[in-house]
Amino acid sequence: MFRLSCVTAAVLLCALVPAAAQTPASSGPVDPVAIEELVVANRILADRGIIDAYGHASMRHPGNPNRYLMARAIAPALVTAEDIMEFDLDSNPVDRRGRSLFVERFIHGEIYRVRPDVNGVVHTHSMGVIPFGISQVPLKPVIHTASYLHVGVPVWEIREAAGVTNMLVNNAALGKSLALTLGNKPVALMRGHGNVVVGPNVRFAVARAVFTDENARMQAVALAFGGPLNYISPEEGAKRDSEPSDPARAWDLWKAQALKKLPAN
Amino acid sequence: MFRLSCVTAAVLLCALVPAAAQTPASSGPVDPVAIEELVVANRILADRGIIDAYGHASMRHPGNPNRYLMARAIAPALVTAEDIMEFDLDSNPVDRRGRSLFVERFIHGEIYRVRPDVNGVVHTHSMGVIPFGISQVPLKPVIHTASYLHVGVPVWEIREAAGVTNMLVNNAALGKSLALTLGNKPVALMRGHGNVVVGPNVRFAVARAVFTDENARMQAVALAFGGPLNYISPEEGAKRDSEPSDPARAWDLWKAQALKKLPAN
Amino acid sequence: MFRLSCVTAAVLLCALVPAAAQTPASSGPVDPVAIEELVVANRILADRGIIDAYGHASMRHPGNPNRYLMARAIAPALVTAEDIMEFDLDSNPVDRRGRSLFVERFIHGEIYRVRPDVNGVVHTHSMGVIPFGISQVPLKPVIHTASYLHVGVPVWEIREAAGVTNMLVNNAALGKSLALTLGNKPVALMRGHGNVVVGPNVRFAVARAVFTDENARMQAVALAFGGPLNYISPEEGAKRDSEPSDPARAWDLWKAQALKKLPAN
Amino acid sequence: MFRLSCVTAAVLLCALVPAAAQTPASSGPVDPVAIEELVVANRILADRGIIDAYGHASMRHPGNPNRYLMARAIAPALVTAEDIMEFDLDSNPVDRRGRSLFVERFIHGEIYRVRPDVNGVVHTHSMGVIPFGISQVPLKPVIHTASYLHVGVPVWEIREAAGVTNMLVNNAALGKSLALTLGNKPVALMRGHGNVVVGPNVRFAVARAVFTDENARMQAVALAFGGPLNYISPEEGAKRDSEPSDPARAWDLWKAQALKKLPAN
């Protein structure tokens, strides 16, 4: 049922909304603090090995919920404020100026469209999670810093959405399909590809991308021991969900590390 | 039985000793050398990947056994002398000045209270130990530098202490419960969370945190081989306990590395 | 059959074409941009841990398909433009000037001879791939960035080519044998030794060397889970082959990292 | 039988040759080039993670085969030329000047005594090899750079030599026992402790310490695959032994890396 409706949606989209490829209006200047936050998010994801050349981070436009901000097509380690662009939720750029765009930007637009609670989205190929995306062993929380995984981590199978593809989420229909698999959860794995991680702001999304990868690596070690594992329980996870802690301590550290601004000796 | 008494203790504490939240008297100025030692301990734990954003190190106050020293709530890599604060064994700060405190500082206060032999405490989420805290496979010494593990490494199950929690040791009752599980041992694992490591001084505690993580990683590899493993025996461990070596050689190296003061080429 | 013809070829080569050891004519000066590209390829392979002391990268001469360019015998991290030499397809240097040569340069010459589609060759000992070269478990694509592995990854067994050897591809016959095993594929593993990776240009070859190693490491983790794995399918791989993406985004990042030219903070 | 003779030897040594503790005569000044070689060996072992705080490298005195050179008790990363001392084969220092000595220096003296072919000795706790020292799974060569392991890697069990100990090779009898287990081989594992690696010069010993650790890590991965592994054969290893290559290419790279003298961009 899911497969059918998804494909149908794509066809209708192409047929009825060619205007989506037109240039949307700008939402006006963005607070430089927000831009800086997104640049730092990119640098942190690179510095911590969560994103290498491919993958991207975005934030919902602070002044317009129907827009999001993301870099032009460039590796996160190289992103500066000048690279940040504005997109509408169809993932059309406001002011392209000939720049290359991430072909998978639809991941971001389609999630922002259906998840009003989400203001930050990260897509990674982080090496810890790939094995879980191709296995039948579910990714589950082994440490409280990743307790948000207690709700389950769905695996998006692009073959179910569109058959044989080049594996990329390079159109709106695929973005919608991934967003549907993600549902109301914080993380979805993408089979043979990576994951998508969301949060109420870009800091949360970044922290979850980091902790999800660490959790996956530690769970893989524990699985090799062979016996039953004592995961964070759904009740514990739910309690932590209701008592969210701001990831400022991690952010401040990771930012200082990524920007090479640790204290002098 | 343990569970009941623990919860009762917490209730009584809250009901009868509200004064505990009052500001304790200062024990006077602390030798800057001791402060520096604790700052270096923090930096080493960060530099070696034992503590990332979360986790902390403390030392017992050199002039007052009823006080301990620990940083304000900040990642260890960022700690400087100005961040070090004095706490009483109820984990109340002597001079808060509006600073944020580690919500898990009770780990430290409650261990210092019941372990007069301990003058250094480290709490980590080090990735090597997490798998052992959620498995039924015991952590055991595979290398002589971690021979102190021969006494056994208890796993603290917070569910047995307090049912469903947010996994944090954020009150005295939980700290007492953890200290009870630790008993007279050097290390206790915390299920789904990390570990606590103690020593006769902060250098020992730091070195044990490092070597415990390394031991765990190597044991995990060896366990995958499948056959019986030839661990450091209790007799060997006991002999090494009775012939303790000062960890100065490691400390000097790790300090030079953490402070980027290796010799010029 | 393969074994016999290979050995025969070597004997004939030595007996009949001693002139092959003579100095071939130079193809004239090489565009410095191409030289720089090859130097950067070397540095990237070193910076990312794909080649340590041993291993090498080459490119086909941009002006003469019967020549290739490769460094004198030196670790890739140390290569500069002055180290790049020109070789004919018999792997004789055009202008030796007393410099040491890679004894395994025949890997490159013999592949360029039979693979007109190949303009970049990399030989590595990368640690991720070694386990697959000595096991009966095939290396298969677990992530789309390594989808080119869908055609299969042959394992070259030097024993079948030449019996007991010192494991090095140190003559043309062994180079031919390896090239034969590689066939029309992008990667071949070399048992107990490493791999050879080719591409339409040196950027592709470098990127494939990186992604093949990452794929191997992730597949090893997933294999330990024990159940069936959901690999990139041949159809998906073929579709990606027909829609090749230029690895410029990775190259630009890796070059900036290798040359320590990341953006200022 | 071995156990008895070994202990007896130690007793006799103490009883009959107290003069061994006296200060031996100096062999005269050492070529600064040799001193520098040993300093670089130390730095390389540290830079590559083969020795952290504990472990040591030595070379036989270039002018007197009954002496060896080794640093005072200090972590290898911190060694400079001023730290290098001369020892006789009883491991007595020629000119102590109050400096601390490695308590395990007997490893070196006793191996130089019985292995005239050896001019370089390295003792490490490298993390790759520890699992093999406590398992019944033999360490075997999976890559040609470690083909010297084809002769077998004996595991020294200190319990067989001396019962319950503090695990340290802190006297001549234990050093002799370890040397006896090593026999004429290049590497011996020390159960629950590390390994000892020897070579015809300190460069070979260092390279073997590096490659042995890498081999162990890769073999551990391959073992987890579960099937038979295709190791470097004894014949291949013997052929490589008879065609030794000078490890200069690795040495030059590792030295440049350890001393932070890589080429400018």
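We just call them A, B, C and D in the order they show up, numbering each chain from 1.
Everything that follows uses one rule, which is that a contact is a pair of C-beta atoms (placed from the backbone, for glycine too) under 8 Å apart; a residue touches a chain by one contact, two chains touch by 3 or more.
On a predicted model such as this, the values are computed, not experimentally measured, just so you know.
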In contact with chain A as well as chain C, sorted by label, we have none
Chains touching chain A and chain D alike, please list them.
B, C
Tell me whether chain A and chain B, two copies of the same sequence, contact each other through the same residue numbers or different ones, using over half shared as the line for same.
different
Quick one: point me to the chain whose Cα centre is farthest from that of chain A.
D
So, what's the distance in Å between the C-alpha centres of chain D and chain B?
34
Taking each chain's centre as its mean C-alpha position, how far apart are chain B and chain C in Å?
49
Provide the list of chain C residues touching at least two other chains, using ranges where the numbers run on.
224
Would you identify the shape of the chain contact graph, picking one of line, ring, star, complete or other?
ring
Identify every two-chain combination in which the chains touch.
A-B, A-C, B-D, C-D
Okay, in this complex, where on chain C does chain A touch?
141-145, 147, 214, 217-219, 221-222, 224-225, 227-233, 235-236, 239-240, 243, 249-250, 252-254, 256-257, 262-263, 265
The answer for chain A against chain C in the complex is residues 52-54, 73-75, 77-78, 80, 125, 127, 130-131, 133-137, 157, 159, 164-168, 191-194, 220, 223-224, 259-261
